[in-house]
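Please see the structure below; I have some questions.
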């Protein structure tokens, strides 16, 4: 496919600097783009690449100086590039219908244009919305619902009584609806608490590979619209995660934690049970959150505290060995002083 | 189902306060219980819910003051509630027998009343005990044994030469018997050490979703009776875990670690190789255990040390920036003192 | 099988101390070896076992004093033992050919002597090299290539456009080629960036159970020859890992990190995006690497720094509570001093 820079600019809404008729034949990152490609610049660390890129045009923000190439100027170059990129990505056509090896239970309801792959097992009373793709080896337990236009990758477990919205992407190996980890101690042994709640996943959610999301003890574990979850994340029973959150890989969230909207949890964070994380809060990588976090706050460390305070403390820690020496020296001097006086 | 409070009390052994004939029709948590439900109170943080619960009866411990509702007083309200809850949970009936799509090897021995799901693959000489449920897409390697009344969820790998006891629950995506991570360095490359040991899982063990348990190099990796393992836990080759332990999500246990009985490892803990953790020890979340831990000890931090000492250290760390200033000030004052004297 | 000590010594190249005709019938670890076994000694912590081992011969390094048993002296006892061990390990014979339940797409190319297990699904235009074993329930997406003599364990996802070298071992539950975690923020929501790159895995790589390796946004995520990856590791989009690295369990590597050859990352390490880790660098367990690491350097801590410096800091931290008291005391004394002078 070929598009003029003007056509692309009109699609994303930016301002053209230079020849609007330059012909674009593909997309590529800054350092790999060749003649005919459009690329984008959004990371100031890569400005040396901007100078020497072979691209025929570059999408830049409003602060970036020109590099002599035709430009599209726009507030959010990455988002604009992403839209343009989609023009050149040809979605694979999954064969519609039900693969002859799929095993479907009773009273299963399938929307139009679904694709059910080889060796998929779908239990009784499951509903699958129109346009949804269920790829090979996936299991869906009874009474579960998957919405429209979802992409359920190969080898996924969606257990019983799970509700999944529209436009949801789930990657291989994810387990939605394993039992919550609930036991009552009894004479030195542990008695399993029945886990009879469900999991509800909103619209436009993405769930990474080998993620685990436990069902609620009662009620629901709930991931709301637009939240994106990276690989190998653990979400315990009765957790509630708001809209448009970013949960990076290997995060662990304990039972009954309530997370607001637009929260960002960086990689390997842990959150202890029953806490609340306010809207727009951020938690730095590998922090352990032991107290509820107010809306908008950026915390880090173990225990997680105000990020600037934690930075000051981390900087102080690196001066500790010299501080110890300094205090010994002061102590000696003071002793001398005392003797003299 | 309906039960009088007296019937329930007799079942769990507690003392009734109030009308023993009140009729109970269901179970629910404190904050959601409605008229006709029985609930329980075991977390003092939820005492505001106790006052206004709509439940018809509450199970409480011996210290909790009454709230005007009929009560069952008992030492362990959560365990009692769990038993009562089981009355209202109807276990799903899995269809008995072997699904026509299951692939069974030679000399497989199946107990009575087993349920083998769609697309299960069971290799030669596997034995499955009576009443055990093997759900779809699970693979069981040759010479492995699964005991009685186990629930093996969908999409699990039980590799070769694994022994699993009775009443074991394994959640989706778990891998039992991957190779131990053993290599011998040789001229800058690594030579794989054959991993020819097994994994033995005791009775009443629960294993979470996407857990990985490696087989031993020689001998066995061993999880003893009653231990409960949460999601995404890593257990390396030749690890031994005692009875009735609690291993929370995302813990990683290195090779040849020996863990006693009734140990609790909180989430994201790491334990370095060849250590011993004594009976009844506890390790706080995200700690790294670098030395063996005596029986009964509670440790935390990296390196993990006595929990109270670690708390003192953590408290001191938050005072470090002000300490640095204080020492600078002392240093200046001392200089003046020295000049004067 | 029986071998004389001389035969074994000639195979691995060591020097015999004692009777070269002693007959060896098996292999075992030091503490479990019986009469007729050969064992090895390479861990000085186990020297008490060396004295009382029942083994008929021991492989030792050049420093270890004799224990009266026939010995093979060699520089690398563990590697030598590993080679000898392989004599007694009988590789399972997987049935060659294609299981009748496997589903193969169009234009699939299979080398000689492949073994394709039950319920394997292989998509269009996949190539599998000779001697490779694909075990049950594995999915391989279109246009992917798997080299010669690989062992692909049960229940693995190899997505589209993945290239895997020769002699690669992948354990159950691994996901190769999930989407990179890339989103562009747009009006408070997140827009998915298409992930159109690939994953390339070199020769002699081992990938652990439930590992996740994301495909590149553009270009490739790349694991080079000889690297060994333990269970539950997360490798993000566009990461490059050099030759003969060791990546221990539960490590998380963020996007676009470049790792050199012969690097060792201990368990639960995190590496933030876009960093470079030089050849031969080492990172201690649970460290968070926030700056690039030069070749050959050993770092630890959060932020990761020179390991010796981190050890000094950790040692200082344990003295913090007493330091605080000391400074208070100095402050009091100084005050007195000031008053007197």
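Should a chain be cited, it is by its letter among A, B and C, assigned in written order, with residues numbered from 1 in that chain.
Keep in mind that, in the parts below, a residue touches a chain if its C-beta (ideal position, glycine included) is under 8 Å from a C-beta of that chain, and two chains touch if they have at least 3 such contacts.
Keep in mind that what you see is a predicted model, and the values were worked out from it rather than measured.
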Checklist entry - Do the two copies chain A and chain B share over half of their interface residue numbers, or under half; same or different? => result different
Next on the checklist: Quick check: superposing chain A onto chain C on C-alpha atoms, how many degrees is the rotation, to the nearest 5?
Outcome noted: 120
Next on the checklist: Centroid of chain A to centroid of chain B, CA atoms only: how many Å?
Outcome noted: 26
Next on the checklist: Two or more other chains touching the same residue: where does that happen in chain C?
Outcome noted: 101, 119, 137, 155, 173, 210, 232, 250, 268, 286, 317, 320, 323, 327, 330, 334, 337, 341
Next on the checklist: Under the definition above, what is the set of chain A residues touching chain B in their complex?
Outcome noted: 103, 119, 121, 137, 139, 141-142, 155, 157, 159-160, 173, 175, 178-179, 181, 183-186, 188-194, 196, 210, 212, 214, 217-219, 232, 234, 236, 250, 252, 254, 268, 270, 272, 274, 286, 288, 302-303, 305, 312-313, 316-317, 319-320, 323, 326-327, 330, 333-334, 337, 340-341
Item to check | chain B-facing residues of chain C, complex | outcome: 28-29, 32, 45, 76, 78-79, 81-83, 85-86, 89, 92, 99, 101, 117-119, 135-137, 153-155, 169, 171-173, 204, 206, 208-210, 226, 228, 230-232, 244, 246, 248-250, 262, 267-268, 285-286, 314, 317-318, 320-321, 323-324, 327, 330-331, 334, 337-338, 341
